[in-house]
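Look at the two complexes coming up: subunit A is in both, with subunit B in one and subunit C in the other.
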Partner chain A sequence: MITEEFEPTTDTVEEEASVEACTKCTACNTVCPVARSTDIFRGPKALGPDMERFRSPQEAAVTPGLDLCSGCKLCEVTCPSQVSIQEYIRRAQNQGAREKGRSLRDWVLGRTRLLGRLGSMTAPLANFGNSNPLFRVLMERFVGIHRRRPLPKYQWLTFERWFKRHPRPVKSRRKVAYFYGCWVNYNDRRLGERAVAILERNGIEVVVPHQQCCGIPAVVNSNMDLARRYGQQNVRHLTPVAQEMDIVASSTSCGLMLKHDYGHLLDIPGSERLGAKTYDIMEYLWMLHEAGELDTDFQTVPMRLLYHAPCHLKSHGIGYPAMRLLRLIPGVKLEEVDEGCCGISGTFGVKVEKYDLSMKIGRRLFDAVKAAGSDYVLADCETCRMQVEHGAGATSAHPLEILAKAYGHG
Partner chain B sequence: MPDTSTGVVVIGGGSTGAGVLRDLTLRGIEAVLVEKGDLASGTTGRSHGLLHSGGRYCVNDEQAAIECVEEGRILRRIARSTVEDTGGYFVSVTEEDHEWEPRFVEGCRRTGITCERLSLDEARRREPALSRQVRTVFWVPEDGHLDPFYLVVGNVESARRRGARVMTHTEVIGFLRDGDRLTGVRIKDSKTNEEASIACQSVINATGAWSGLVARLLGVEVKVVPVKGTMVVLSRRLAHAAINRCHKPGDGDIVVPGLSVSILGTTSAKVAHPETLPIEWDEVRRMIEEGAMMLDGVTTARAMRAYAGVRPLYDLGAEAEGREMSRNFAVIDHQVRDGITGFTSIVGGKVTTYRLMAERVVDVAARHLGVRTPCTTAEVPLNDREEPLDQLRHRPSLLGVPKPHGDEPPLQPLLCECELVRPQDVAPWLKDPAVRDLEDVRRRTRSGMGPCQAAICSYRLAARLVSDRGLDGASATRAMADFLETRWRGVRHVFWGSQLRNMQVTTGLHMELYNVDRELMLQHSPPPLAGEGQGGGRGAEPAEVGAQR
Partner chain C sequence: MKTDVAVIGTGLSALAAARTVQQAGRQVVLVWPGLSSLYFLFATIDVIGYPTATATESVADPAEAVARLITREPSHPYARAGMDAVHAGTRLMLEWFKEAGLAWQGALNRNFLLPTATGTPKPCCLAPASMTAGDLSRPEPIVFCGFTGYQDFAPELAASNLKRQWGAADVSAIRVTAPGYGPDRLFTSVDLARSFEDATFRDAVAAQLREHVSGDGARVGVPGVLGLTRPGETFAAFQEAVGHPVFEIPTVPPSVIALRLFDRLRKHLQEAGIEIIWAAPAHAAQVTDERCRSVLLKAAGHEFPVEAASYVVALEDWVDGAFRAGVHTVRDPFFHEPITWNKVPTDRTAESLFSTQPFEQVGYALTDRLQPADENGKPLARNVFCAGGAMAGYDPSGTKSRGGMAIATGYRAAREALAA
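Let's turn to the complex of A and B:
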């Protein structure tokens, strides 16, 4: 195995609650994409550590404007004092929703599995509806999904079912478990196929254990109880697997849930073991390369590529392994568009009241993408890809796609 | 500063003096309050902030307990905007505490204090932070948090609306007399050193721990023993309710929830002078250790600052004669005792019983003035528009609801981000001549009382001094430096962990980025907010001025 034995890290701050570590330096406010884009958002410092002092289990003191936080976590990445800023905001959002109830829309958006199942069962119909202007007007009016936001297409054949029929490789050096996530399962099976092909090309047998939605859609729609339930199921199913092999995820946010949020935000006992064995797929492939095990017999891919680093990837704290990997491929001209958050943040930018804000947040990125021109804009996160296509009119792809090309898979 | 005249001069702007001023005004007596610092800058603003249910005194001091019970109920009626109804717990930790329990229960019964024993499970459900060492828990719903600043300012403002005058930063330095009759006081502006007289018929000495010093100006004796107490402020509410040790009152046995913070306290040590209040590291450590016996998280919470106050303990021994009342405060009628007409002192007591104290002393003074109007302070509410103090706990919800639609105006920025103080909370005070520096603004608004201890709000407030008060840049900067300096005095006692790192940020911001050097400014610029007249004079600080709350 390439992973080290799991060792719990110790906190460097003396105080127990990280809210107390805040030195009011305001660094978090300077990176918050929402605060940068609107004057009606107080920013992470205010809604996180500052207001947290006024919250208590007995009295929520739910802060107005909390729901404008998109959950990108850039504030946490930046905070020099390791304050779990976004976690405080999330918990308060959740408590507010628990007291006031959530909208039907947020109830539904938190259940991507359910949506996915319905969507793929009725794929042609669902896709027709999702792109039908009249239907979208009704959806905006009655559900609160903005009419101009393109919705993902559903596919009839899910990744799960595809994989069942996929022949196992004859021999392999090691095994890895793949956490595909709802996106690959219901909307983008091809990405999953690529992941499997690339891993198998490197002599790794892919195992697909029984799994549940990672829970992030529920988290961001203020339903932490549901997310915790999903998380607990995943911990139950995946922890035994993790004892034997590493787990890789091809969706940035799914990976972050498994790695970090199960333990921190959702307080799921025992989740640290699972977290310690989970990797982002690009991170994993880079580790293979560093171990000298990656097949670098690449074909030339003469392409101009732009890379947008998803916010949640920054939270992984692993740098940008996709960029490092793709630069190994001959012919690739790869540039980072360092313009911050794209604005969609999962289901945030889908909502009728947040669509405009989401487009405003992304404007800097869109402008940069348009100005640079490229064959593909790459991003590890699926909603980033949706947003860049929508906002900048660019073609987007997961970095795995380019790697697949380099291996000659079309 | 012109000479003036009035009916009664009240010396001292603590809870007692403020209560006296209001009581006089409600009885239709013209009055002026003279305070050498700011309102509540003496003991009151440095108190622990507990609205005593009386539970602490019910075993050893029944009279005091009964007064607390009654006054607590009155304050909840007339001063909603200064009381937070938190309730309190009395908890036993040691075997000795356990033995105290029956006496405590009996004391509560005798003095009429509501008290209910809770199962440990129930207590922990309500207050999860209760320490594992706690064995028995009593719920005493009438404990509360009494905000000393809002209380004093509320009383004074209520009196001002009815015509009373208040002079802050004005010290009484002597008396005018005509034989045995007091005819007025000599006053001095503490910032400009200007002097003047106020002619009056009667003077009430409500200077707490200073009453002996003030009485001495007149050649009479009032025996107060200044007893220092130290408190440590934690940056968060660890408990919702007040937590008291169920034992014979001792050191460090109360944790008071004060709006956004927890205050651990207190100690008890005689000092030579009410302004000599050094804080010892050992006291700070002891407060934390004692607090930790009752509440989890005390040792790992962020200590924000430490401060000390001085109790005006009244020495009963010699004073049996002119003393009119209770065991824990005393009204001294100097006409009866010393043959001086028009001088009355009120000493001892607590913030909790300030109203009763005022009532008793004004009864005496009014009788001498021939005024028969009875006291109405137990009925007339403090504020014309009553907002419960609890609302301040919910400051976040006062900030307005933004919606990401259309063209809402931008959110109003906050001046103090830690305590969520808005510009409109500060603006009226900047117009008030009684507000003379940024510490005065703090006492009225809580600006600068959060974890960063004014690192951020100090410069925003300084900017307001320029825009709203017309100060020049140098004076505003000096005011900012003075403000930071007074905050610093309390913070330096808890230099570890996050507070230390925070002060590192503050130092970097102010000394390196803004190049603020207070020592240099002291040499080169006049004091800020000084009126006309002689400048200068406040360069050197008294040897050891204790940290403020």
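Let's turn to the complex of A and C:
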């Protein structure tokens, strides 16, 4: 006989084993961008909680089509019962890769720091190669990177090196640590410079602690061991920093790794303390605004802007702070393009066998972007920006760029 | 983040509350941890289908029946919301549907009687225009049409049941093929709905129907899969191609008809600049001096506080797992207060699955202003108001009143929140 009283502080069964919480309602299947675009994908319900019952650490139960899950997590955002659908799929993908072995391509794609270091050291050469059609045919043939997928440009001066020479502000109200991520470091230093300028403008001193790749590229290339190693390094370097100040990230997916996936997907002990102090940069700036600390002495920015909310931003559970902030700027005409996933999902849409699918997923978004017309399509996630530029021929920017304009920086 | 009113929930009552606040020109934020039972929603708004849980005769005039229910049961959610809220809430929603481009029909003084997928006549007050040609008060013969290989709608079952239950003679069933859906393909209504947006697919299905449905003046009942994103156009094009009046019948979840409604209303709110916080269930209310200061959402990494002047809590009770039950108590996700619950576990369920279930009655005790209250009737917080399924003491399933009650209470709770 059960006599124990319900203890309100303990988590319920569902939270420990959320596979038990699945009511088989299929809400997840209806929003999955991959299931919508191909009929060979069995959908989040089947590949997540359904198959999970047949998996064990010894048996991966790798089912056909498993690798087609792009990791957008829209299924989890939609699930009425908060089932960790994508986490199940991710672990199974990882187990499958462990058994079958990883391709050279996936090995490389999981290591953006290595790629970034090589790319920035040889910047002109790498950029030439990445845009040379012949080289791209060879790359498709031998590495498996689709020839039509534009690859990011590398910059010779990394953000890290730029920041070392950046003069510290004389006066500041508080400090914040910046997690810049591989993108800012190797491909888009300017965005990092903008982040620093905006924070400093608001009386905040920016600290750039020693850091590693957040690990998401490794996660999505089914190399969770590598991701965990990166994550552990970050937890080691950043936890002491987090005791003294908040940490902000300007890339949606980096932020989500630090906040959530280190603890949940990668089981890195002690990562909760880091996650609790990590904020998306737009989230952080909005908090400043609500505390009356954001300088809102904005210049008029007469622009028509479209906002695409990255899937992983939805998983943050913080709403769309970028939209709130940009609406404070005079002259800005801002609309959301609410057409779901763009399709690239990090390195997913780069791969030769997934490129077409990724473009098909994004078509709704591309059509809407083309129909609406705009000065910029904004997205907090860098691969979303690459995808809308490629698919819709639009100019894209991180929302920070607009904020920087409103402060008179370019 | 800060706002005037925070609405917690994704259901019909949450939507009605959000719209009410928006119409009053105040700022509103919606907290949506996942799709609600609106997603399962059969697709019509039932105001009152039967006068009592055990009645067999359906209601002809919902407004009158609700008024009678209010005098008979003063603690019923309809009584708490009040007749004015029933009228005003319904008006608000119908106007909203129109503005959002959703073609709906119905009025509070009549019920449609529409066939379900199992051929049961179901009374409902408001329905999408794509369903109302199925009204059983109309005389035309009915042809139910299913798709080979599609498991969620069996036209033969619908026809034989309707004949038996309704005594209708002129009911028949046919099946046609859906091009591209072979026997080895697993598919749901959502897949079919996406295919119906394609003119070639639609015309191929319509051609088979034209061939099979002979009788002049017959109407054709198909599963509710006629398009997902541009339902009006898809429906009109299909009906035109079939050459007979067509009506949709809602299927088991995923109900495409419900998804259309939900997606459209959500987008319409977002287009108006109303913020939706995804993927973050509320899990604690911070109350000091009898006022709720913030509701904490379980966001990634840390809590996300929503600070509002007032709150509308529009939860379901069991369907969405808002309430957590232990052996002896049930607790809510905000105040973590124990909620009245039958002391003896065996008293919580009724023997028949189809009768009124005592556990359905669990919920917040309320004040006259719809504030969740403690055992003594004192509000748990003066600026929190309750709408929808989380109210104590009633089970909407018997009277078929869930949708209307969600709207009336959502409207009323929002008015109270605006006044608080």
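The rule we apply is simple: the second predicted complex is superposed on the first by the 395 of 410 C-alpha atoms of A that agree within 3 Å, B and C clash if a C-alpha of one lies under 4 Å from a C-alpha of the other, contacts with A are read in each partner's own complex, and residues count from 1 in each chain.
Just so it is clear, a residue touches a chain if its C-beta (ideal position, glycine included) is under 8 Å from a C-beta of that chain, and two chains touch if they have at least 3 such contacts.
A quick note: this is a predicted structure, and the numbers were derived from the prediction, not measured.
Visitor: In the overlaid three-chain picture, which partner chain does A:79 touch, first (subunit B) or second (subunit C), both, or neither?
Guide: Only subunit C; A:79 stays clear of subunit B.
Visitor: Between subunit B and subunit C, whom does A:65 touch in the aligned arrangement: first, second, both, or neither?
Guide: first
Visitor: Return first, second, both or neither, reflecting whether A:121 touches subunit B, subunit C, both chains, or no partner chain.
Guide: neither
Visitor: In the overlaid three-chain picture, which partner chain does A:256 touch, first (subunit B) or second (subunit C), both, or neither?
Guide: Touch partner of A:256: subunit C, not subunit B.
Visitor: State whether A:356 touches subunit B only (first), subunit C only (second), both chains, or neither.
Guide: In the superposition, A:356 contacts subunit B only.
Visitor: State whether A:138 touches subunit B only (first), subunit C only (second), both chains, or neither.
Guide: A:138: touches no partner chain.
Visitor: Answer with first, second, both or neither: which of subunit B and subunit C does A:22 touch in the superposed model?
Guide: In the superposed model, A:22 contacts subunit B only, not subunit C.
Visitor: Please indicate which partner A:39 is in contact with in the superposed arrangement: first for subunit B, second for subunit C, both, or neither.
Guide: both
Visitor: Quick check on the superposed pair: does A:50 touch subunit B, subunit C, both, or neither? Answer first, second, both or neither.
Guide: Only subunit B is touched by A:50; subunit C is not.
Visitor: Same subunit A residues contacting subunit B and subunit C, which ones?
Guide: Dual-contact residues (subunit A): 14, 21, 25-26, 39, 42, 81.
Visitor: Under the touch definition given earlier, write down the residues of subunit A that touch subunit B in their complex.
Guide: Touching subunit B from subunit A are residues 13-17, 19-26, 38-42, 45-46, 50-51, 53-59, 61-65, 68, 81, 353-354, 356-357.
Visitor: If we count contacts the way the header does, which residues on subunit B are in touch with subunit A in the complex?
Guide: It comes out as residues 128, 235-237, 240, 260, 297, 300-302, 393-397, 399-405, 408, 410-411, 414, 417-418, 420, 450-452, 455-456, 496-498, 501-502, 504-505.
Visitor: Residues of subunit A touching subunit C in their complex?
Guide: Against subunit C, subunit A makes touches at 2-8, 12, 14, 21, 25-27, 29-30, 36, 39, 42, 76-82, 256, 258-260, 275-278, 286, 290, 314-321, 323-324, 327, 335-336, 338.
Visitor: Quick check on the complex: what are the subunit C residues that touch subunit A?
Guide: Residue list for subunit C touching subunit A: 1-2, 29, 33-37, 39-40, 185-188, 190-191, 194, 253-254, 259, 267, 270-271, 273, 275-281, 297-302, 304, 320-321, 324-329, 331, 336.
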